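Remarks on the structure that follows.
When the chains are written out, they are named A, B, C, D, E, F, G and H in that same order, and each has its own residue count from 1.
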Amino acid sequence: MAVTDYLREQFMPHIWCPGCGHGIVLNSLVRAVEQIGLEKNDVVMVSGIGCSARMAGYLDFHTMHTLHGRALAFATGAKMGNPRLKVIVPMGDGDALAIGGNHFIHAARRNMDLTAIVMNNNIYGMTGGQFSPATPKNRYATTAPYGTIDEPFDVVKVATAAGASFVARSTTYHVNELIKLIREGIEHPGFSVIEILDQCPTYYGRKNLSGSAVDMLKHFKENSVKIGKGTGAPGEIEIGVFVKEVRPEYCDKYESLVKEVQGGKK
Amino acid sequence: MAVTDYLREQFMPHIWCPGCGHGIVLNSLVRAVEQIGLEKNDVVMVSGIGCSARMAGYLDFHTMHTLHGRALAFATGAKMGNPRLKVIVPMGDGDALAIGGNHFIHAARRNMDLTAIVMNNNIYGMTGGQFSPATPKNRYATTAPYGTIDEPFDVVKVATAAGASFVARSTTYHVNELIKLIREGIEHPGFSVIEILDQCPTYYGRKNLSGSAVDMLKHFKENSVKIGKGTGAPGEIEIGVFVKEVRPEYCDKYESLVKEVQGGKK
Amino acid sequence: MKYKFILSGTGGQGAITAGLLLGEATATYGNLFAVQTQSYGPEARGGAARTDVIISSSKIHYPKVMYPDVLVCLSQEAYNKYIKMATPGGLVIYDSHNVKNVKIKDYKMLGLDMFGACMSEFNSVQMINICMLGVLSEIVELIDPETIRMVIRNRFKPSLIDINLRALDMGINLVRELGEEKVSKLKLQ
Amino acid sequence: MKYKFILSGTGGQGAITAGLLLGEATATYGNLFAVQTQSYGPEARGGAARTDVIISSSKIHYPKVMYPDVLVCLSQEAYNKYIKMATPGGLVIYDSHNVKNVKIKDYKMLGLDMFGACMSEFNSVQMINICMLGVLSEIVELIDPETIRMVIRNRFKPSLIDINLRALDMGINLVRELGEEKVSKLKLQ
Amino acid sequence: MKKNEILFLQGNEVCARAAMYAGVSFYAGYPITPSTEIAEVLAELMPAEGKAFMQMEDEISSICAIIGASLTGNKVMTATSGPGFSLMQEAIGYGHMAEIPCVIVNVQRGGPSTGMPTSASQADVMQTRWGTHGDHSVIALTASNHEDIFAMTVEAFNFSELYRMPVVLLLDEVIAHMREGLTIPEPGELPIIERLNTSVPEDSDYHPYFAREDGRLPMSEFGGIHRYNVTGLAHDMWGFPSNDPEVANTLIHHLVNKVENYKHDIARYKTTNMDDADIVLISYGCSARSAKQTMSNLRQRGLRVGMIELQTLWPFPDDIIYDLCRDARYVVVAEMNMGQVLHQVKEAVSNPDRVFLANRVDGALINPEDIENVVNLLRGKGK
Amino acid sequence: MKKNEILFLQGNEVCARAAMYAGVSFYAGYPITPSTEIAEVLAELMPAEGKAFMQMEDEISSICAIIGASLTGNKVMTATSGPGFSLMQEAIGYGHMAEIPCVIVNVQRGGPSTGMPTSASQADVMQTRWGTHGDHSVIALTASNHEDIFAMTVEAFNFSELYRMPVVLLLDEVIAHMREGLTIPEPGELPIIERLNTSVPEDSDYHPYFAREDGRLPMSEFGGIHRYNVTGLAHDMWGFPSNDPEVANTLIHHLVNKVENYKHDIARYKTTNMDDADIVLISYGCSARSAKQTMSNLRQRGLRVGMIELQTLWPFPDDIIYDLCRDARYVVVAEMNMGQVLHQVKEAVSNPDRVFLANRVDGALINPEDIENVVNLLRGKGK
Amino acid sequence: MKKKLKFNRDWCKGCGICVEFCPKNVLELDDELKIYAPRSGDCIFCKMCELRCPDIAIQIIETQEESDEEK
Amino acid sequence: MKKKLKFNRDWCKGCGICVEFCPKNVLELDDELKIYAPRSGDCIFCKMCELRCPDIAIQIIETQEESDEEK
């Protein structure tokens, strides 16, 4: 299938700003799905609210655009309601980590086979540029006119500690790797988290003198290092697969439980 | 001051069941406070809802018994509203990690000087014995009549990954260490988490054949090892201080920000 | 015909279970209407626990008991808390081992050492609630002890059926031992 | 006296900022009443953006503009979307570089190459909105260009004041260059 | 289970069993008194039938999960009480906007806030109608006895499938924890309404939000042959977000009218002794048990007292109340709150000045005497 | 800022500045359109004044944080819109039960659910009254212009301190984003009510929940000389949890009466041309601007149209409406929802059949013609 | 000054924790499942019972008088 | 079969990402800030532009015809 076969072309062009990284993620995601060869009818996409969450509308899967922060909770029900389906959950950094933080760690703990794609642009894009729990310290945002004092989360660390069995990070510059990681995440039989550093030129860029989308991609290019190859310098972006372990998947475990319980009966 | 000077004796005896570990935590906490020599008027205790949360009512501090899962959010406001005060937050495992998980990780991230005491009895006591995100796998609870299939959280790991600057674990058997850890936690200038494995003989005990409170304490005694001294056997309880780092505290950072902003003006 | 009971005791004595068994016996096997409610509360774990049971030959609307025909108190704490609900002419049954401090008022009183009986028979007070059901079934015509036996056989693990049946009979006998005359004054038909 | 404006353009052209400056000029420095509202929407980031401004010598109630006295369109997209709001007898001002496709109807039309003027003067179209304010102030009696100058001086960083003032004058001149006669037909008093 | 056997169950247990009867295939919840037994019973029954039971991290995720599972083709339910119900409000609104069938049981307890967790109350009636932001319609049912709990639970599923929306079953602490005898209906005895699936064939355009003339929207489950978008934003017939005022206007009116236009089909109520009644008691849930007792007490004393028991609380059956109360000298609404259904009755009847409240808000079940006292007062007999 | 200078501000900015004027010292919030500018302005103003501004992880933590900070002695506020307001419902109930002063601004947008985030609506009026579970009273204010936004924001703080409770300020997208001229009042120009602190001396028994005769409960801040317990459970005068029905009954009645008994003190409204009006327009917020225009248009045509603009929505000033509408031939309620204040007006007036709705629910501001059309229709002039 | 065990019978719930973990086997529960110290003479005042009691029913106090310990 | 760059002008938003990161400097934005390929002959079909375009406005397609590439 062509890439555009996965799009609902009638709703394109999408609403994202020129140069918005979310488009690159969409682009990579579609290619990953194509490579795996998933049937469109077998894919459910569940998103929350945010610029990132608008992705669902443009993709020709079964798509659910839900509530800010709650995508993983809806996704948990959707998957458990029909474990045969592949469930992909694109999320913004605010969506996943601010209001949605609890569902994020609990989804990781359960290890249900969902693929969470965290589109981390370090900002609340949709609402116009407030800082998020992923905004680094001393950055500017409309609600941090004097610079942020909050420490950001390390998505990889939080996901790992909470129990995700596949955890990876990349950037919108590294598109080939990105496609590969998304593919791996989807194929991984358990809860996968792929953090993607992506650019919001309109708000994060403008407020933090990162300049244009092009400049922001260059920044990703220049500051990324493969896992373990880093010097530990501040601002360094470690990319690659951090965790990949096959552990019992939630729906499978439930199925076994059902078999066991029914064992006595049937 | 005598221990009982910290109690609101008119409301004692407390409502907890015979042998409930929450009482031991209350006991240790009061002694830790006494050792530090805190003025009662300088201490605010904020709790959520659960058997554990009832602790607030019995202590002669400024006490706020709030909503299930939200204690840290209320505490964040209370502290930021008057940073001079010491704020202690006793929480149940459900309170802290199920419904309250998001506030827990965000409080850890901010590193505000709050002391979270997680009274982990592996069960929802107050509502009569449903499993919690801290219930180990294959245990019984009223909502897990065939045994739990959920993976539990490791409180220490989650707190650490989220950014807590003091993280420790002990049990209700190890009362002397417990007093020491609580004391350290309160004195630590940043967000501290002390996970305390404690017994709910009424529900967790009864459902899981752990027997009486005495048996459960014996279990803690026999299965605990100091950090790093373990064999990695399943069920082993590592106790001690996992993280202790002095990092910029949130209220302090805000104060600096205010000074900086006002610098230009005043 | 309609009888209203309040069964009370201390958390763990099984008063509530007794209420439920009594209700089930009459509703499921007794061809009567029965309603059972209970008082919850965080305190229920420690303090006094109470259940209300109404059995009747016609449909029951208001399910709580305001004026009990029979009030049972298995512990002093329960007695202290609920004795004010006893009605003139009503019957108060209490465990004479646990409840020491009783005041004589214008209701009928029946103290029975169910505690002692259980201890001597089973070396445990676990069965005191079933024993109490035996007492009730002997005093209240409407309660057919056979229906309680059926519930016991259906509800309990096989290993526990026998001991519970024995406890029931023990309660029945405690009443019978009082003698026809005394019992006839207490009986509720 | 009451004038109603709709200023429209593509996100980034600064139509909304122009509306805000216009309102502030009249309300703060012009001793008039002014109300400004705008259309938001996720699309506002990319697509057509619109602001409504009403200036009046008396209190303004309904704050939106249904029948604009002046409709300004800085881009084709905005023109296409909002031209249907132009009123018979009203005035439509458009940027003649950006808006190519215009239809003649029963409203007055004024095309001015603000784009070109800005490019040639500043080598950037950033100032097109301020230039447009100059145009408006020359056409609408009620708008005193001096009040806009005051807003510019108060709102902008010192380094940007001058260039904005020049853009304003440029707009004023664009109108003046049309000649008295033509302008008098357009003028709103 | 023997045929026709009378079971002696708690109300919550009845609700759980009725849900099984109605075909619930996915439950997600978070424990809270006094609703917890519903989850506990389902935790036992559902795996045995191969159905999915989940305990979630909180009430918000519970309601979100059931909506997600509804879209993948399940009949779904959650149960909670006041604090959890308050937390669910945002997602309940999503259920309305996206028109997803689901059943929410709220076993009311004393409020506000944590209130009186183990005490009786009926103070969430208005919240059920107005708890989430924005305009939409609501279906809410209640019951006063086990037979009705069973029937209304089944109806809740039926209405939720029929009208494609969240339906609330409002129980209360008294009936939820009360035990009484019940004969579980035979399969087939109560009608079960299944989801209306679209008949649009594969590869033809299916419009998930294009209402049929009767207001119904045939569904297509996620994973099925039609792919479409679901959103909580205002949306067009494709389910795609739209800012078009026309689209929004149609949508909001649809959300209201799909229920308001069928108010009579949804109204469930019982009348007793209404033929000659000049004093009308209106009640529901646990209070209705007391009111019934009051009625029978007063009838014995020769008073012409009749009673209307409401099982459908929303949409409020106002014209039915209007008709039934036309000849009443007094109307007494008995409920355990500061007067919630009271407002609706006052708005419904021709003479609101004749409508009075008999209530109790102290956590104890309102008793027949409480209601009798109000009637006596009205009749000038004072207390 | 020069004295008496006219500032050209967005409504949200006015609200933020008024909060500063009223003495807000702690703000916590989570961004949401169309309220975000309130936070953005305060993020700039508050640190400069040494006051605490926090962006929290969500709306739930925001409302919890402000309640916590209120107890440690701050005047506190949060601002949100529908979805966030729905999420806050549980904690708002806590604020009522624990009687904690705090101000919640809800800038309404199109609902239900995510709805129309950037469009105008007034559909959260009933939610504001009934959104959380359990019985309690509510104070909610609104405004239609910048002068009133300023005044009502200050009043919201005043009422919240006076009655020790959460107070809701209901704004809407139109006035929140609209700019118009405003002269900020001088300090002292508007009365500011400060918290009533207890005069009980140290070491004497202070009863945090023992109401004075006038219903007020003097406070003692956490960290101060009196230590006591605060809880969302039913509680006695010490703030300690209680299951006593008597205690619960007193508490619930107190929570309702402390507002209902002062309804007249809380009522804020404006009347125009009511002396001879036989057609009465009732409106509030953005709709009131259109209604005012309609009134003046129709007056010019000789119709005797008068107007009541409500600023206090809750407690609903029913007897005031009753009095004012007594002689009206028609009452038209203009609002941007499916009829919410409409219900209250119908319940308030002597003849509900004369009350009609002029509304709009498509996201666009209702316009004077929309309202005029309804009036014309009533006068038999059709549209 | 002498140390002494002081019990609060009203608060004791009879859980038996103090009894089990007393290193000197000093303590026991009575008929009513309340704490008492039949072997108080053996007590080494290690405080373990005091610190582990969930009901704060045990206090080791210092007293002027000689052993008027009640049991 | 020959490869060819295909642009979707309606979708292109002129962000310039493809232009910047094309290894062969094939691409440019026109007056209207839309993509075109002034040096299409230099293209090595590395796909970087296609994969990085946030608007999915570039496709490399295979075609039968000989270079009828429009620029």
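Operating definition for what follows: a contact is a pair of C-beta atoms (placed from the backbone, for glycine too) under 8 Å apart; a residue touches a chain by one contact, two chains touch by 3 or more.
None of these values were measured; they are calculated from a predicted model.
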Separate pieces, if any, that appear once chain B is removed in thought: A, C, D, E, F, H | G
Pair of chains with maximal C-beta contact number: E-F
Distance between chain centroids, defined by C-alpha means - chain A, chain B (Å): 32
Averaged-CA centre spacing for the pair chain F and chain D, given as whole angstrom: 36
Centroid distance [mean C-alpha coordinates] between chain H and chain F, Å: 56
Chain D, residues touching no fewer than two other chains: 41-43, 46
Overlap residues in chain G, where contacts from two or more other chains coincide: 13
Contacts with 2+ other chains: residues of chain E: 33, 47, 57-58, 60, 83, 90, 94, 113-114, 117-118, 231-233, 243, 364
Chain E residues touching chain A - in the complex, by the definition given at the top: 25-26, 28, 47-48, 50, 52, 54, 56-58, 60-61, 64-74, 76, 90-91, 94, 221-225, 227-233, 240-241
Residue ranges of chain A touching chain H (in the complex, touch as defined): 2-4, 7, 12-14, 16-24, 26-28, 30-31, 172-173, 175-176, 179, 201, 212-214, 217-218
Chain F-facing residues of chain B, complex: 8, 11, 40-42, 44, 46, 49, 56-57, 60-67, 70, 73-82, 84-85, 102-103, 106, 254, 257-258, 261-262, 265
Residues of chain G that touch chain B when the two form their complex: 10-11, 13-17, 20-21, 48, 51-56, 59
Residue ranges of chain F in contact with chain D within the complex: 5-8, 33-34, 117-118, 174, 177-181, 286, 289-290, 292-293, 296, 364-365, 367-368
